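Paired with subunit B in one complex and with subunit C in the other, subunit A is shared by the two complexes that follow.
Moving on to the complex of A and B:
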């Protein structure tokens, strides 16, 4: 399959072991995949482990998501010369990228970023250009990680749509095989070129059991029922102050989040002032400058910055874009240096609101 | 058309190791371009020709540690249009601010053969404790690209692209794996001002905090987390007390872990 993609000019990006984690990088051959690897994840903790078997996709998401490719951390968006302000920035041809082995939650995150960056009158031309000529081969999850909660956000463990091909890795009866499903015409064509046999009852039974197992073993859960209204009503909950005492304001969560899209622009000049360029780079609502307007920053405290981030992800996003801004990938929990857990914070706010309601009811 | 006079640049040294001003000489490829746009009027590391002021831009390295220097900085301020401090010594007192926790007189007999010639202040203090500073560039030493960027920005009358957020943001932009989460190595990155490009982390080392505190630090939370990673209280005290020991958030955190 990889050869067929390469033959058709696709650059393959997929999972690879690097620096003790599984990252997304260019894949040359099957040997590049993290065969026989897994990981153990918890708040502020990630450890690569070895598996007893030779599963190719037997791990959960690493620190990077396709965002690093589609909405890169830095991008030159304009280049000009003094007395000639027409942009000199020439759009270089972008490689056709096939993402192989991304997870259902990651695909969902791309669809959410599409809603943010493509729709409406102010679509992002750079994202739109990069969004073209992509091929998605999603690998469904047969196991959940310690910080996963995609079952709560309805974004996994199995992808329903948006892919060209989906695969489920099956290893039952010592028969290592992939259950494939096409989601597009291109996917069907690729599938037709691969050695395959029809799906059996046995295959479906095994994959169904895997999904059920993944759902059961989700390391985290998020109760999304009435979450938007709950958070809007709890803007003064003391829990925000409590979490702010732990929050470092370092911006790791927004960097690893596959849906966080905020960026800022900066202008650079040559030393003699004859040339200039404008660059866009990832920003974070955890930086003080992020909310800077004339006269100062609006969100001066760590409390207000954490509250902004979480209420945007789980509440305001629904008003803006019609979905949650969270896909339950758990990256913000794993990669927070002090292990702040968005599901724990949401649950704490819910339970304190319920307690207060009960007390008020007793009055 | 009459050619505009080039802005005059001066580089000054106070208590320091010279590493930051050497960063300017280190700009080998860009040095000629710098010399094209400014007149280097005073830079003892580069030329013995010292021209009198006034200067449009003064780069000040080092901290104030002697009564003589405490006087000298005022004259430099008077002679300078913009005064930009470069490096940890000038912006927070530097490694020599470790003396601030001890009686400096006790060091004299240990270090100097004829201690009676030494005239020094009890504390090492940043330039901003003495005069108004227009811009502070962090680092031990400063990053030469950031130094060029600050000069460039002032020459072109724009805001320097120097960011007060954490080093973590640089790690993530570089796709460097977080060594604290993936390997349990204590790292000052989450409380440290960006600018180095996350150099240590790319070599599997935790940050030393060379660029001092980032904006809005939460040192207390990180100090607690270091202990969870197995660091002793003494270790936490020491990690916060090095090149930027006297910077307020680092000073407070190190003192909180002092026995």
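Moving on to the complex of A and C:
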């Protein structure tokens, strides 16, 4: 399959082991995938482990997501000369990229970023250029990680749409095989060119059992019922202060998050001043400067910044784009240096709101 | 996302720290049209880009007119521009003052400091179409008499019999013999029918808060009080996330909002 893609001019990007973590990088051959690896994740904890079998996709998500490719961390958005201010920077499309082995939650995150960056009154030309010419082979999850909660956010463990091909890795009865499903014309064509046999009852039973297992063993859950209203009503809950005391404000959560899209712009000039460029880079609502206006930042306290982050992801996003801004990938929990857990914080706010309601009711 | 090059046609000081730029496009054939209350992202070459409202007349959009207070890096770079210099312009962006829905109503315009600049296009519109509106009042407050913008025009407006102009300063200096006190104090005396009024308010957030309180006290519904909001803006087009205010993006859902939409959020700190 990889060869067929490469033959058709696709550059393949997929999971690969690098410095003790699984990253997304260019894949030359099947051997580049983290075969026989697994990972253990928890709050502020990530460790690669070996597994007993030769599964190709027997792990969950690493710190990087396709965001790093599509919504680059740094990008020159304007370059020009003082004497005419004509832009010399154009939105070049990337080479044709096939993402192989991304997860359902990651695909969902791309669809969410599409809503933000392509569907507004003004699209992001650079994102649009990179978003063209992509091929997605998503790999469904037969096991969930310790910080995963995609079942709560409706973004996994099995992808429904948005892919060209989806694959589920099956190993039952000592028969290592992939259950494939096409999601587009291009996917069908690629599938037709591969050695395949028709799907059996047995295959479907095995994959169904895997998804059920993944849902059951999901490390976290998030109760999304009435979450928007809850958070809007709880903007003054003391829990924000409590979590702010633990939060370092480092912004790891926003940079690993596959949906966070915020950016800022830096200006540069050549030494003689004749040329300048404007460079866009990822920004984080956890920085004090993020909300700076003349006279001082709006969100001075850590409490207000944490609140902005969580209420944006779980509440305001729904008003802005019609979906949650969270796909339950668990990265922000795993990569938070102090292990702050978005699901735990949401649950704490919910329970303290309920307790207060019960108390008020008793008065 | 790419700025259009404009050339400075004229630049002049309004006060010690505030200046007006008149800009002509390098490619006039592309035209330019805006609605009162909209803003542009102005790019000072090599320094940065900031949101600045258009302060000119929507019926005569060119030259493009911007009135800016120098408060920091980029605005100071804009102040130093000379006739003939190039500047990048993206826009116009954002929502506008409700000059069309306000037809048939009294109009009260309340401005604090530099806040008069974004309101001037609305004032041009209602005065040009004077017969479409009921009573018109302009209430304007600045820190000191020397901070007053558009002084010549203010004199002309004061001289008109078909509008009311109230002016006040926080601190009297020099030969000032007018009102002293915050602009909100002018509201209780201004001539308008609270049940048939549209108010447009722009100034520091605290000034807008008290202005809205005074207006509601007189019976103007919050849905008919419009304010222009300010937040950090990097893109102006809904992509960078900086201008978020609760569920809205001020650059595309604002900057001009009916106040009732904002009320639940303005009551909280640090949104």
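Some observations on this one:
Here is the rule we use: the second predicted complex is superposed on the first by the 359 of 363 C-alpha atoms of A that agree within 3 Å, B and C clash if a C-alpha of one lies under 4 Å from a C-alpha of the other, contacts with A are read in each partner's own complex, and residues count from 1 in each chain.
Basically, a residue touches a chain if its C-beta (ideal position, glycine included) is under 8 Å from a C-beta of that chain, and two chains touch if they have at least 3 such contacts.
These figures come from a predicted structure and were not determined experimentally.
When both complexes are overlaid on chain A, the residue A:121 reaches subunit C alone and has no touch with subunit B.
Judged by the touch definition given at the top, the superposed model places A:281 against subunit B, while subunit C stays out of reach. When the two complexes are overlaid on their common chain A, residue A:26 makes contact with neither subunit B nor subunit C. Once chain A of one complex is fitted onto chain A of the other, the partner contacts of A:63 are limited to subunit B, with no touch recorded for subunit C. Of the two partner chains placed by the overlay, subunit B and subunit C both lie in contact with A:273. Of the two partner chains placed around the shared chain by superposition, neither subunit B nor subunit C is touched by A:202. Taken together, the two structures place residues 267-269, 273 of subunit A in contact with subunit B in one case and with subunit C in the other.
Contact residues on subunit A toward subunit B in their complex (touch as defined above): 18-21, 23, 44-48, 63-64, 68, 73-74, 245-252, 255-256, 266-273, 281-282, 284, 286-289, 302, 334-335, 337-338. Considering their complex, residues 1-3, 5, 26, 43, 45-49, 71-72, 86-88, 230-232, 234-235, 237-242, 244, 246-249, 252, 264, 268-271 of subunit C touch subunit A. Looking at the complex, you find that subunit A touches subunit C at residues 77-78, 82-87, 116-117, 120-122, 124-126, 232, 235-236, 261-265, 267-269, 273, 276, 278, 283, 285, 290-294, 298-301, 303-304, 308, 312, 315-316, 319-320. Subunit B meets subunit A in the complex at residues 30, 33-34, 36-37, 148-149, 151-153, 155-156, 158, 161, 163-166, 168-169, 172-178, 180-184, 187, 189-191, 214-218, 220-222, 224-225.
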